Each structure stands twice: as structure tokens, then as C-alpha cells.
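We call the chains A, B, C, D, E, F and G, going by the order they appear; numbering starts again at 1 in every chain.
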Amino acid sequence: MIKRPFDLLNNLVGKKVEIGMKAGKIVRGKLLAFDIHMNLVVENPEIVEENSSKSATHIFIRGDSLIYVHPLQE
Amino acid sequence: MIKRPFDLLNNLVGKKVEIGMKAGKIVRGKLLAFDIHMNLVVENPEIVEENSSKSATHIFIRGDSLIYVHPLQE
Amino acid sequence: MIKRPFDLLNNLVGKKVEIGMKAGKIVRGKLLAFDIHMNLVVENPEIVEENSSKSATHIFIRGDSLIYVHPLQE
Amino acid sequence: MIKRPFDLLNNLVGKKVEIGMKAGKIVRGKLLAFDIHMNLVVENPEIVEENSSKSATHIFIRGDSLIYVHPLQE
Amino acid sequence: MIKRPFDLLNNLVGKKVEIGMKAGKIVRGKLLAFDIHMNLVVENPEIVEENSSKSATHIFIRGDSLIYVHPLQE
Amino acid sequence: MIKRPFDLLNNLVGKKVEIGMKAGKIVRGKLLAFDIHMNLVVENPEIVEENSSKSATHIFIRGDSLIYVHPLQE
Amino acid sequence: MIKRPFDLLNNLVGKKVEIGMKAGKIVRGKLLAFDIHMNLVVENPEIVEENSSKSATHIFIRGDSLIYVHPLQE
């Protein structure tokens, strides 16, 4: 059950998520870790920008850049 | 009765709300949880941007991205 | 008498106000509550944007989005 | 004599000032009060934007929106 | 000798300076006072914007709006 | 294993990374050091902007400018 | 050896550096001093903007405006 917002993030560790960032960047991949500043690490991220897309083995996203996180259907 | 702004958010837990975010993004759905940083979790969100709309089972919204919250007529 | 800025906000509780927000959004309605972060709740708000206007029963406005508050002639 | 920046604001209470705000908004009127966050209250403000001007009996300006304050010749 | 950045500001009190602010505004005049938040007071400022220039007897500049300060040859 | 986001940064010290910054600037090079504010130092950076690219022996990047860090295949 | 990001700044005191600032401004000159807020003082700065360049005897740069610092070949 979700009583506090961070309960959702806890539930999403190990799951595939979409992360919306400032300036329209989107990252999709498996959420590995987060902290109270909302810094995140995502595994096998697909990094999508307006006209391009790339991948990496991991990505560290600074919490300050983050707008939303939601689960992706697997 | 609403004496402090957070009283309204307390009243809205479990209700359908509209959330206005920076850069014009709007989220509509059932408010599940919020914290003092105004981080929110919404169930079954409809996520509306200028030219597109999508849905998810849940969404975590970072408080820093939030502009307003208001109830939706059900 | 107004000795500190928050004295004006205290005087405006229960009165009709206009609230100017970042990105040009304007909210008009009865001020119900505010806190030291300048989070506000407005009753029966009219929410005005560049090309549109809508209403709600209440609205929670995040203090960080706020630019000014002034009374409206009733 | 002005030894610290806030000495000037103290001298300006009760005087007519111009307040420059983010996004080019300008407010002119009598400075009634300010606090350490630079929240201000102005009496009989004239609120000037790019293509419009309006007035009110009082206005509360959030310190975070403020760029400068200077006295106006009376 | 300048060991810490604020040593330069101390040296500039009473001298003519140029202050660069966000959004391209520039203020030139005699630096009267500053504080640790980089709030400044300038005497007889010339306030220069893209297409206009004006003057005042004094100006209070909020530290948060400031980008740089440098001395002007007198 | 990555339990906290900073674990990834620890693993990346001494490796080649890409750093995404605000306003679209990208830096690629060997990560030498970081701190809790996410200030970084990169060795032999390639600094890429929209229409230009340059290099240096080292670069200090202010944490506040940072959006993401990910490893580069070597 | 550089173990923490500020070690690089310490090494650069007295050397010629390039400083990248928000809104694309660039300052080049000898780094004289910095503090933990990343406020800097540069001697004999060349201040470069999109269409112009100027110089001064010294410049104080507010840390909040800073994006990066790197050494210049001398």
C-alpha cells in the first residue's frame, strides 16, 4: 500500500520505469537505486531526446533534474 | 474546514485531482499520497502535454515540479 | 496596520484576491489559507491562462510558483 | 548612512519606490513593509507589464520574484 | 591582497563598479554596501537594459539576481 | 552492487564517462573525483556544444549544472 | 593528485583559466581566489559574450552563475 510518495519508488526498484526530466529528456530502463534527493540509477537506460535516442549500461540521474517517475508495462 | 493549505491536500487524498506542473504538463487521476515537499503519487494518471496524452498505473511527481492541485468534479 | 508583509496576507484571508504566478498564470478567488512557504488555498478559483480560463471548487497553489497577491475590489 | 544593503530598504519605508521583478514586471508605489526574505508590501501599486498596467489598494510581492528596488523622485 | 572572493568586494566599496545581472540588465555606479547574500546598494546608478537606460539616487539589488561585479576605470 | 545512487559514481571513478549538463552541454572524459554536491573533475575532457567542441587537460563541473552521468564503452 | 573536486580549483589558483557561466558568458584570466560557494575572483579578465568582449582589472563572479572552470594552456 502507498502511504507516502517514496513508497511507490520503493515498489519500483528492480522494475522498468520511465523517468521524465527537465528540458523534455526521457529515460526508460530498470530502476536500481534512489536516495532522498531523488538521485536515481537506472540499468540499461534508453535515453530519449527530441530528435535522438541512445543507450548505456547505467545512468546516474541527478534528482534536481527529475520531474516524474512511472512504471512501464512489462 | 481549511485552516492551513495542507488541509486541502489531506481532504483530496483518495479523490480525483488535476495537477499543474512546470512546462505546462498536466496530470489527472486519484491522489494517493503526498509529503511535506509536495511530492505526490497519483493512481491511474492521465498525463497530458501540449500535443500528446498517455496513461500509467501510478506516477510519482516531484514536488519541485508542481504548480497547483485542484479537485475534479466526479 | 501593516508592519510586516505577512500582515497583509492575514488581512486578506476571507477576501477576494488576485494571485500572479510564474509563467503568467493568474488565479482569482477567495483566499482561505496560507503558510510561511506562501502555499495558498483559494476557494472558487477562476484560473486564467493566456488563451483559456477554467474554475474549480478549491485550488492549492505552491508558494514557489507565486509572484504576487493583491486584493480585488468586491 | 548606508552600511548594509537593508539600511536602504529601511530608509525607503513610507517612500515611493520602483520594484523590478522577474519576467520584466514593474511595480511602483509606497513601500509599507519588507522582511528578511525581501517579501514586500506596497500601497496603491501601479503594476506595469509589457502591454498593460493596472492598480490595486495593496500588493504583496514575494521576495523570490524581486530583482531591485529604487526610490522614485516625488 | 585578495585571498577570498569577498576581499575584492571589500576593496570596491566606495568605488565605481559595473554589476551584471540576470536577463542582461547592467547597473553602473558607486558601490555603497554589500552583505553575505550579495545584496548590494549602489549610489547614483545608471540602469541599462537592452533598449533603455535610466538613473536613480540609489538602488538595492537582490544578490540572487547578480552574476558579476567588476571595477570601472575612473 | 549498486544500492545507492552514489555507488555508481564510486564505480565510475577512473573510467570514461559522459556528463550531460544544463543547456545541452556534454563533457566526455575520465572521471577523477566527485563530491556530495555532485561537483566533478574530469581529465582530458572533450567539451561538446551545439556547434563546437574543444578540449582541456582538466575541467571542474559545478554539481548544480549536472543532469546525468553514464559510463562510455572503452 | 586530485581526490576531491576542489583540489583542482586549489591547483588552479594563480593560473590562467576559462570560466563558463550561465547564459553563455565566458571569462578568461588568472584565478585569484575562490570560496566554498564557488564565488571566484579573476585578475585581468577578458569577458566574452555572444557578440562582444571587454576587459577589466578584476572581476567577482557569483558561484551560482558558474558552470565550469578549466585551465588554459599558457
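Quick notes
To be clear about the criterion, contacts are C-beta pairs under 8 Å (C-beta built on N, C-alpha and C of every residue); 3 or more make two chains touch, one makes a residue touch a chain.
Since the structure is predicted, the reported quantities are computational estimates derived from the model, not experimental observations.
Here the chain-to-chain distance from subunit A to subunit G, counted in touching steps, is 2. Annotation of subunit B and subunit F: jointly contacted by A, touch as defined at the top. Subunit C and subunit E have Cα centroids lying 34 Å from one another. Subunit D has its Cα centroid 42 Å from the Cα centroid of subunit A.
Averaging Cα coordinates per chain places subunit A and subunit B 19 Å apart.
Within subunit B, contacts with two or more other chains are made by residues 22, 64. Chains in contact form a single ring whose order, set by starting at subunit B and proceeding to subunit C, is B, C, D, E, G, F, A.
Of all residues in subunit B, those touching subunit A in their complex are 21-23, 25, 27, 32-35, 39-41, 45, 47, 56-62, 64-65. Within the complex formed with subunit G, the residues of subunit E that make contact are 2-9, 12, 18, 20, 22, 24, 38, 63-64, 66-72.
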